[in-house]
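One chain, chain A, links the two complexes that follow: it is found with chain B in the first and with chain C in the second.
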Partner chain A sequence: MMSNRAKLRQLMLDVFLLDEHEFRFDLRRSEIDTWDSLGVVSLAVGIHQTFGYHPTPEEATGLAGVADVIALLEGRGIDLAG
Partner chain B sequence: MPGELTLLPWAEVTARAARSATVVWASDRARRALGPEWPTATWLTPDGRDAGAAASASTVIAVGGGALLDHVKLTWRARAPAATTLVAVPTVWGSGAEASPVAVWTADGRKQFRLDPELRPHAIGFDPRFAATVSRDRARAACGDVWAHAIEGFLSPLASDALRARLAALIGRLLELPVAADGRWFEPGAEAAALQARSSVGLVHGLAHVLEPVLAPGVLGHARLCALLLAPVLRWNAATSTTWAELSARFGVDRTGVEATVATLGEVEARRALIPAVEASWRQVLRDPCTRTNSALVRPNSLAGLVAELEAAPVGSPDARP
Partner chain C sequence: MTALLDAPPYAPRDDARFLAEASALTRAHLADCADYARIWPDFMDAATVEDLPWLHVGLFKQIHFRTASPGLTHQRVLRSSATTSGTSSQVALDDKSSALQARSSLAILQDFVGAERRPLIVLDDAGALRQRGQIAARVAAALSLVPLASTTTFALDATRPDHTQWSAIAAALSGAASFLVYGFTWVLWQRWARGAMPDDVRALLRTRRGHFVHSGGWKKLEAEAVAPEVLEHALLDGVASGSQVIDFYGLVEQNGVVFPRCAAGARHVPRWAQIVVRDPWSFAALPPGQPGLLQFINVLAHGAPYHSVLTEDLGQRIAGDCSCGRGGPRFTLLGRVPRAELRGCANV
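Let's look at the complex of A and B:
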């Protein structure tokens, strides 16, 4: 069973077409070329599909890095600690 | 029709064609179908090499398929003075070029797009008699293009509830039409394209845009690819995400009827023949802008599930539809 943290990591790899070595939990949007406006849409779809929470457009566009995604999901009661 | 589109009665299109300040830019097929009695003051050739005649025209009437309409939009409409009018008359439904602010062309082996509100024609004219010039196979492909616009626009993560309600109503009207050459497709075809332009399309178009230049030109055009791909992609979406089930229930879309109808758009062997090209182009498909606004997240490892649907999605006969 994949942990939520592992699911998030895989989601980020898949949405932004990153290689494994490119991923860090402190990655920021400005470091990812594919985190453009369409990437915002894909990430919102992926968060909904993976974690069952549908970010509002404001939340999705306000995400500035992986840490913000974690904060958003933990604010909705989704545990990403382990 | 969406408010910003002006639908001209055919008599008005004919009257405008006869005016000295009007030029008609038509495909050969359109010109044959209109016949020598159509009272046109000035004809332009389909490739537009005599388009200089349009420079002083107050109205250009473009009559043809999506490729010709997009060509006129790109070469004339984009540079025309503000006071001039473009009337688009499609000879086949599906592309929605007559109603859309988007123009598409192929360059350097890739589909290119331009989205500009100025590209949208000012008015549309429909002559249902053009339907008689559309072959059975072309009609099925054109119906697939309309269905793909309607469904992908409805499912788009960028669609508002108000837009989805309008597309749901449109889908209900499409279900009443036969998958065949029928002049009643023209108006809903334009509406599907105009409404979809307010949200986005998805994986069907992402695949079609990548595959079209890869496959032998002219062998499988955009509309036929959409027709072939819609049923398997919709099934893959449904297996991957709850969005299609949730939105169809919420907006009263007859999901069973839609799935049965889109299954009649495909052809098993032609669809299976796409698989090697899909596999070879998958990375490019993932990066396509349309793929990235699909209703279900398309991941690198989604290929296997999609190929399984391309192999096995059921195909129904258009003749068997109620």
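Let's look at the complex of A and C:
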């Protein structure tokens, strides 16, 4: 079974059309050209579909990198450690 | 530019300001878009909106206009859905216009559905959001409602063409007093009004007020002899009172300016846009009551000269005040020019 960390990695690849080698867990929004206003909605919908939590509009627009996504999900009790 | 957005869309107009802004925008496009300047090399100024240069919508399939004004950053390309020839219109979006267009569509839609945030159910696949460098017209239409959404649920799955994610819809509806649904007209009919809706979703809908917003054309429904009132009745049957069906007309070449049909059957033009109806043979401007080609003008489009376009859609302006209470010019849509190429996104 896929770990939550692996699910998040796959979600980021799918949502932002990244190649495997482009992904890092410290990737920032400013480094991803597809993380624009459309990407914000796509990521919020993807987080909901994958982890069952729908970020509020303020949370979704405030995410500035993968680390923020992890912090958001862990704040909702979703374990992304392993 | 543009203080016209600072008042509600159907508040009293400042037509002198509109003309000044539209003329200045035209000059900016002429200065910084060589393709546009080649088409209208002699424009100096306009005494009326009818004098403003226009581009025929068909040109956006042939030429990828781009205005390279200082300070503008171009982003994605907005594409219309497929047409009978397989070509689509392409409009270059930019950061400045996108911000204005988002304000515009939000103000217009708020006027029809209210400002409260509520769950938004989009009858499309979330995969439609995942495109590099471009955005499809139907996605742009759905996204115009996102600022009114507390949550956004894409309820279809491209890998399972006949499957509607009713459990996700039920989850979105639970805990909310009202909801929004957006879909292409045909999809709304096929997947919601005629869909195999489970009993638990029907039960949730009975106590919730909904706004069903649709766009994208009646061609397929006409083929099945489904009239607008049949669609409306099917959608409103079984939802709480106060629910509404809103049919909106829009073009990728007028991104951000949408024309929902009001309760009186008219489509109102916001104060940051204008309509001209032209004779199809002479292109002379026609008075209210006379049908002709619809030309739309707005002051929001900076990244390419789609601020003034002549469509292949037929309509007529309506004189006098509207019983719905909205001010400004308004029109009815009559159909498409015979033998015009069928479009995927125009709501006719």
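To be clear about the criterion, the second predicted complex is superposed on the first by the 82 of 82 C-alpha atoms of A that agree within 3 Å, B and C clash if a C-alpha of one lies under 4 Å from a C-alpha of the other, contacts with A are read in each partner's own complex, and residues count from 1 in each chain.
We adopt the following convention: a contact is a pair of C-beta atoms (placed from the backbone, for glycine too) under 8 Å apart; a residue touches a chain by one contact, two chains touch by 3 or more.
Keep in mind that this is a model prediction, so the values were computed, not measured.
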Larger residue footprint on chain A, choosing between chain B and chain C, goes to C
Is A:A81 touching the first partner chain B, the second partner chain C, both, or neither of them? neither
Looking at A:M1, would you say it contacts chain B, chain C, both, or neither? Reply first, second, both or neither. neither
After superposition on the shared chain, which partner residues are touched by A:L17: those of chain B (first), chain C (second), both, or neither? both
Between chain B (first) and chain C (second), which, if any, makes contact with A:Q49: first, second, both or neither? both
After lining up the shared chain so the two structures overlap, which partner does A:V41 touch, if you call chain B first and chain C second: first, second, both or neither? both
Contact residues of chain A, present in both the chain B and the chain C interface: 14-15, 17, 34, 38, 41-42, 44-46, 49
Residues of chain A defined as touching chain B within the complex: 11, 14-15, 17, 34, 38-39, 41-42, 44-46, 49-50
Report the residues of chain A in contact with chain C in the complex, numbered from low to high. 14-17, 34, 36-38, 41-42, 44-46, 48-49, 54, 56-57
Parts of chain B lying in touch with chain A, wherever the complex brings them together: 157-158, 200, 240-241, 286-287, 289, 292-297, 299-301
Over in the complex, which chain C residues touch chain A? Could you list them? 75-76, 98, 102, 117, 126, 129-132, 135, 139, 143, 146-147, 149-154, 168
